[in-house]
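Please find the structures below.
Each of the next two complexes has subunit A plus one other chain: subunit B in the first, subunit C in the second.
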Partner chain A sequence: MRRRLTASTGWAIAALVALLAPLLLNERQMFVLMSIVILAVFATSYNVLLGYTGMVSFAHAAYYGIGAYAVTLAWVHLGWSPLAGFLLAPVAAGAIGYVTGLVALRATRLYFSLLTLAIGQLLFLVAFQWRGLTRGDDGIFGMQLPLLLQPATNRYYFLLALAAIALAILSVAMRSPFGATLRAIRENRDRAGFLGIKVKRYELAAFTLGTAFAGWAGGMYAFFDRGSFPLLLDWTTSADPIFTTLIGGLNSFAGPVIGAVVLGLLRDFVTRNFLYFNVVLGTVLLAIILFMPGGIVEGVRRLAAVGGPGRRRTQPEQPADREQPAAAGTRSKS
Partner chain B sequence: MTGEALVLQVMTGLSRAAVLFIVASGLSLVFGAMRIVNIAHGSFYMVGAFVAVTVAGWLGGVVGFVGALLVVPLVVAALGGLIEVGALRRLYGKEHLLQLLATFAFLLIVSDVVRFIYGERPQSLRAPPLLSGATRFGDVFFPRYSLFLMAAAVVIGLGLWLLLSRTGLGRDIRAAVSDPEMLGMVGVNVSRLFTVVFALGAGLAGLGGVLAGPQTTILLGMDIDIIVESFAVVIIGGLGSLVGTAVGAVLVGVTFALGITFIPSAALAIVFVVMVAVLVWRPYGLFGIPQEA
Partner chain C sequence: MSALLEIEGLSKRFGGLQAVDGVDLTVAVGERRAVIGPNGAGKTTLFNLITGYLRPDAGRVRFDGADVTGKPTHRIAQAGIGRAFQITSIFPGLTVFENVQLGRLAQRRETARPFGVAAGRHAGEVNDILDSVRLAGLAGERAGNLSHGDQRALELAISLALEPRLLLLDEPTAGMAPAETDQAMRLVRRIAEERGLTLLFCEHDMEVVFGTADRVLVMHEGKALAEGVPDEVRANPDVQRVYLGEEVAQRPTGGRDPDGEEVA
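Then we have the complex of A and B:
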């Protein structure tokens, strides 16, 4: 109960900060903020696979890229408004996610991961090589946004609203019996099977849900950058949500969102002052992996447990008490 | 296309396969014995190529290339050993994801360190005159360096086979492949074995980098290119199988070379289609053994 309350307070503060931020920030900072909002959705969609179901996919960026291309391709080839195109983004990504998920889930665990690497690179190569459709390496840029969305502040609020909707839907899904079943699969795949859960079917559903919202995030990216390019689909882009989730914390709904804020600010700060971002990111990741594998959320919980009275029950070796403090407050965000 | 050109294309594919085999055998070995998917494996390959440029520059001439061939794998193996002792060792017994992400962190770190030292400019490594040019068999001229690469791959392959089947170290590695816990219980120093295996794997990648040097542009980003191809090789062949790695390397190398000739824009895509097809047909690869991973 107390945790619930803390979580909703946290979400309420986050929402307030997010709503008021434009009053204080310049245009460049607004764009940093937009990239953080997009990354938060992208990483949360990935956590449906990684944190909730225990699936490591290297293809997630492919669906993110598909979402971005859904908007830009509908604009270039069909003359659709980006707003109409956005509706296509999660549908296209989810549909392709479902079909490719069927193939990838022929294998399990490590071999599943490696199969997603092949599938993701295949999708990347389609975007990279099919010049007639995607203009290949040049990408598609300069998409006309509706007049209302052209000022940075308006575009930010638009993206924030889209993020809030996505996070609300995902948090409801993850708190539902469906989400509980996914966690059972992550905890013990075999035992979940013995209980009569159709594991593969749930994994496919989680994969489809995750990829659909990766497409949602990709659609947001198309508004942010007014375009799309093949590298969005590359497997190295899949590292973004993985790192984000790791930094924030795998075992909670808020983890990827917190990670997005930290990673987004860190990236902005480092790249403006220093030529070598990768070495900083690599070192931060290594430190988290070695010393705080539960990410920031776990670190804060541990601190709270040390500081607060009557909460002695923390065993640092256990990868987080699997409770999920999510969500009650997500609604306050929208 | 003439038969002669086709033979040359296949030769190109086989020489690429030779490098892929040497690099991927290290990846496969590390996975087989330690259950670690080493994403930083391509970084060892890249470091090998760059350090070879430096060493060859110091020594100069023919001695330079030969010296690099001898010294660089040891340097890279030492780097691998350092990474294993410094970081990976602390992660055994934890979630596989953490180990995988730790190697990913090293990929990032190494790529920036290489960029810091060597800059963005492409480097090149020259093969000694003895290995340049072409040798004539019948009507066809074969590039000598390609022949050298294939011979090197065969020698390395035989060496690894002898190591695994005829030595005490090889016996321990094979035991680790089937049951690492039991190995510890019968008194083998598993911790030291893992350091040696990881260093050996890194050394093979470094050697691959030196050998590939004269045939490729030595450039940032070559770490990512080789790791994706090496994954394709070991997945098709089956992780942990030496024979599988050889078959996978030939399949990937030749498929790519022929793909480039006939449908250039889809060459790499064809490799991935083959990879997906193999995995759907045989989820553990052509020569892999079903196992918990």
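Then we have the complex of A and C:
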């Protein structure tokens, strides 16, 4: 009950800050904020797989890229408005996610992960080499946005609205019986099967849902950058939602959103102030993951438990062993 | 009484090991039936065949008149055969409540519902089941933090949430101290009575079953060795030969896994 209240207060504050931020920020900062909003959706869509279902996919960026290309290709080849193209983004990514998920889910655990890596790189190569369709590594840039969306502030509010819709849908799905079932599959696949749950179908449904919203995030990116390029699909891009989720915490819905804010601000700060920004960034990420194994959400929960004695009676010794089985569980039972 | 479970000539071979060899078994509605036998007698394999975890090489399994032989596990679960496991099998990262609730969602076929809030759903029924296994006080606890005995009770509670008519218990007292064993069997008896369950449970410890089982099937090296009420079975010379001491001397492969893993 208490946690529910804290969570809704947190979301309300986040919404308020997000709505008022443009009043204080310059244009460059607006773009940082936009990238955070996009990353929040991208990472939350990934957490459907990683945190909720316990599947480690290395292909998530491929569907993100497909979402971005859905918008730009519809604009280049079909002359669609980006707004119409955006509707295509989650559909295309989800459809390709469904078909490729069908293939990847023939295996489980590590072999599933390796199959996703192969599938993701295959999709990347299509975008990279099919010049007739995608213009190869030149990418597609300079997409004409509707007049209303050209100012940074308007574009930001547009992306914020799209993010809110995506997060609302995913939040409903993850709190539903379907979401509860995914968590059970993460915890114990075999036992879930014995309960009469057709595990593969649920994994495929989770994969499709996750990839569709990766496409949604990719569609948002096309508005942000007014274009798309093959590297969006590359497996190195898949590291983004993984890191974001690990930083924020994969055991809660808000984790990836918090991770996106932290990683987005950190990346902006580090790239502007350090020459070897990747080294600095990597070190900071390593420190967060080492010293806050359950991510920021878990770290804060732990601090709250230590700081407020008697607030939760069963809590004091729980945090210590809590993140270990959870982390080990997702690693071994994916 | 009519038959709830009918097994005919059920057989399963793993490589060179005939794990289950032409077993017949009929369990009547409301009956409490034990399957006993030394380690490696084929009890767990028999259960795996009944619940669809393994496909039999030969034989039939009929439940409530319908043929369920070789059907997938989830079909068999939905038909009303529940199973609690030898190795404690729970959802460690979920709360005790959520563990049982999941069984409830599965039973109501609501697991695919992508809307509506799962938290607190079916609270009445879930708490009722938690009450009957004496876990109501731990409903909010993370299941992985429970003691071994409580985890076994939770495991049972998950199975009960599926509202089975026939409940299979695979060595419900494995790894328990004598006092715990007593308590666990009392719990099983009480639940079977309260919920009108038919029980089929296996044990390798003969003494455990006598207070609980109406009838006993003794298995030895995959075959049905003897069958009858507990006193008959206890008096049976074949059973005594298998059980009294000779077991260790005669069987150099005494630690053979019931699933035949050593052979495979």
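Keep in mind that, in the parts below, the second predicted complex is superposed on the first by the 310 of 334 C-alpha atoms of A that agree within 3 Å, B and C clash if a C-alpha of one lies under 4 Å from a C-alpha of the other, contacts with A are read in each partner's own complex, and residues count from 1 in each chain.
Following the convention adopted for this analysis, contacts are C-beta pairs under 8 Å (C-beta built on N, C-alpha and C of every residue); 3 or more make two chains touch, one makes a residue touch a chain.
Small disclaimer: the values here were computed from a predicted structure and weren't measured.
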Touching partner for A:Asp190 - first (subunit B), second (subunit C), both, neither: second
Which of subunit B and subunit C A:Tyr98 touches, first, second, both or neither: neither
Contacts of A:Thr236 with subunit B and subunit C, given as first, second, both or neither: first
Touching both subunit B and subunit C, residues of subunit A: none
In the complex with subunit C, residue positions of subunit A that touch it: 172-173, 175-181, 183-184, 186-188, 190-198, 202, 205, 314, 318, 321-322, 325-326, 329
Residue ranges of subunit C touching subunit A (in the complex, touch as defined): 51, 73-75, 77-78, 83, 85, 89-94, 98, 101-103, 105-107, 110-119, 121, 140-142, 144-145, 158, 162
Touch list for subunit A against partner subunit B, complex: 50, 56, 103, 106-111, 113-115, 117-119, 121-122, 125-126, 129, 235-236, 239, 242-243, 246, 276-279, 281-283, 285-286, 289-290, 293, 319
Interfacial residue positions of subunit B with respect to subunit A in the complex: 37, 87, 90-91, 94-98, 100-102, 104-109, 111-113, 115-116, 224, 228, 231-232, 235, 239, 265-266, 268-269, 272-273, 275-276, 279-280, 283-284, 292-293
